[in-house]
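To start, the structure itself, in structure tokens.
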């Protein structure tokens, strides 16, 4: 059902639609995480690498906290697909462009990219109005710290500032805060 | 519950267990897909990149075919976690080592890595006894072809042999075969 | 003179100011050109690489066309310094965010980055109201095509679409158009 | 003589056989040393890089210890050629797959790859029954530590565990142990 | 005028000449700075990256010191173009080949590469007989230290020796020495 | 014996000498083959990669042609060690610097690097006065063509010019010429 209205020009069959949707997702492999790049990581992980980590975390935490794990995993898989259109605009850049302009661009890209059913899930994630959306959003940040830790363990010294950005940890629930404290202790 | 018996030596709390399980998953970011590397791709995608693609495909096909999408997404997320122990052993290497030895090593690694509930899901995937397991297994191959296509579109000429490996396409169901034919036509 | 009002918090001396301004420029070495990356170039040139090419072209064309070469070289050196704050937001991303939001963000970043005298030069460039600004702006595009040509000559096949983007060539003067035709003939 | 029985299908002339044998060796350039990769080295040395180091060490130690240097250099050149079939299976992976299965696979690959005369040399190396084989085998490990030292000197922090793996240093003779101690003192 | 005598065989029109001159400059993007590479930087900046930094510094210092900024920027843009012929021959290599042989090769390359007017500027730079040439020459070194600092800040440990090479700082004027002291204090 | 006169300042024991000599060899891993880099190969093989190929070829051809294989393998291992001092100066650069200056620099570097016994072998190689030296010298070129072929097979289009450089093939003996013809036919 949800695979229809999108690619009106190039798409003829439902299978084609599926392929073109997946092709948008595949582009996340090509996008380096800009924040690491600007912090001195020569060849940083891709947005797909990061998304894999967020999906994994969402699965484990969804099950652990007895939430709707399927929805959380879908939110996690979808959460950065819009970057196939927008690229990975890092934190400082967003402060210049403005949260509203970024948010509007994201919504426009999502409407162009997502079949209807997935759009609803992504919008729930973006609004952060459900417990599931909040935890996936926290997983997005926790995954950042897991990777920061991994970069530090192998010798990178330029990612320290991520640990001190209050914007990243502003909405942590107690469980997530506990996780974060353990990660900090592992540095 | 399922986060207990594993890391008996280093782990004290459930949160620690969760972190160590996730850390194993994170290692997939560090493992290049050997098949591409040996086919001339200088800096190939990671196993995490690939897994992201398989999860995405599993989500879309699970919903499309009205299967148990949650289980399929979990199978996809977990399907290569054992490579955090084994590395990515490519097709030719497996023919030398033998399917049985590889399969035994994989089961041993899975038992060391997975909490009980996830072990059950991974074993269902490995046995290919359910429709869900079969489709996720096919997604693993379809994702390979998506990436082969992407490499060819940007100029790599050494990945042609993947399209002619009958082992990759041996168990394709009609839907998957249709997908595969579309991809072939896109070369 | 122009090195004063900027870094009020961290800077004490004029030499310090100079260093911090140069450090912003140095960051361009760390930013990959996103358009190439998304077109399949594994490790693309940096924004600093590109800027070097634009400065060189501006020098040669400024002298050739008997324009104010010094101003043109300064425009070229400065034209992408704002990317040290914004990153390299590629063409498709800009269409989603909107030219106005991007332009506003750029102006804000320029005011934070540039000493007064250089801000005036950058603003002349951004407004495209002088012959010098127009030619440097064209050099920015011609340099893109020089690099596209270079990527194609060594085997990359994914950058074809740049040659067909009318936005890139919209304001070419006759001299520039002649240059562009020669480059096209060299493909 | 020794260049005959191998490539029965594709090979017609002795020169062709030589080329195909060399092509197998060339593939070692494409294989990254997995142990470094999994320890955080972004773009590690190749198996060919490593082999060069082992050949060099074998030459110098063979001459220094008045052994059969020619045989030692041949052992060193050949010692990892089977990885052109098997890839570089790292230490932890080998513990899962089992030394026997790995050893059997290696022998099978060697029989497929090596002309008879070289097979005999490789088998002597693999059996470690001669002083020459033992010293080349130690050079294989010493070269690992030379590279570990080199990575540490330029800032990598994730290769510490190699220095503490008793498996690596189990069979060191007194001369080799002396070399190893000097390397440790250089950290 | 100055675009004539050079490419007598391949070039027919003035525009062609311009393109071939620019193409020589573009090659600087392909040349890694050898000194960093040999000091353990995996994928070092290009000569074009470095040149961009030198041009930027020359602009700022030229204006700051009320010198002929246009000439300085041209010197900086041109100072390493001969490396498109010679490659980047690092310090130790130059001591073996000899300053005279290197200098002669550079002059020959410059005569093959540069239109007359630019040759005069490059020769003034090479002779270091003017204040402008001396400051640009110092900028060449200061930029090296800026980049050394940047590498050290992100974790590279092998570039320490650059700070202790007296050859690099032999001709620093008081302003440049002040700059250098600030950089040293920032390590 | 041959490990004495070299590192008079830093070296106390014979084992130390051995290590420092090997460390010079290890540096070949860090040096990219400049010719490939300038022909558009993003991350080319190292000089150590290349040397491994030359040693392998020298072993096979030495045995095949019933020459002094041990000496040939030593010549091959040693032939580019001077690049640890000089870097890899590519063909065009050598034409500018001059064969004599390059040759003198090489000899000076060899005297600083090599223990006496190895210096004699290297000098025999450099003089090309023996059949062994001539064949190893040809292997140096044949290995270049093997790699050129490998790059072309995976999609690189910029290495064509190597096949047309008469300097590379000037001294080929009939056996080597036959090898070369086979490689050309494989393109």
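The letters A, B, C, D, E and F name the chains in turn, as written, and every chain counts its residues from 1.
Going forward, a contact is a pair of C-beta atoms (placed from the backbone, for glycine too) under 8 Å apart; a residue touches a chain by one contact, two chains touch by 3 or more.
The shown structure was predicted, so the numbers you read here are calculated from the model rather than taken from an experiment.
Any chain that touches chain A and also touches chain D is listed here: B, E.
Here the repeat of D-F among C-E, A-D or A-C is C-E, since over half of its contact pairs match by residue number. Both chain C and chain E derive from one sequence, and where they touch, over half of the residue numbers involved are common to the two copies.
Distances between chain centres, each the mean of the C-alpha atoms, put D farthest from chain C. Separating the centre of chain C from that of chain F, both taken as means of CA atoms, is a distance of 42 Å. Mean C-alpha position of chain E lies 30 Å from that of chain F. Remark: chain A and chain B have CA centroids separated by 21 Å (rounded to whole angstrom).
For chain B, residues that reach two or more other chains under the stated contact definition are 40, 42-43, 150, 155. Pairs of chains in mutual contact: A-B, A-C, A-D, A-E, B-C, B-D, B-F, C-E, C-F, D-E, D-F, E-F.
Chain E makes touch with chain A in their complex at residues 42-43, 150, 153-155. Only residues 27, 30-32, 34, 37-38, 40, 43, 85-87, 89-90, 92-93, 96-98, 101-102, 105, 108-109 of chain A touch chain C when the two sit together in their complex.
Contact residues on chain C toward chain E in their complex (touch as defined above): 2-3, 14-16, 18-19, 21-23, 25-26, 28-29, 43, 45-46, 48-49, 51-53, 55-57, 59-61, 63-64, 69-70, 73-74, 77, 117, 146-147, 150, 178-179, 182-183, 186. Only residues 39-43, 155-158 of chain D touch chain A when the two sit together in their complex.
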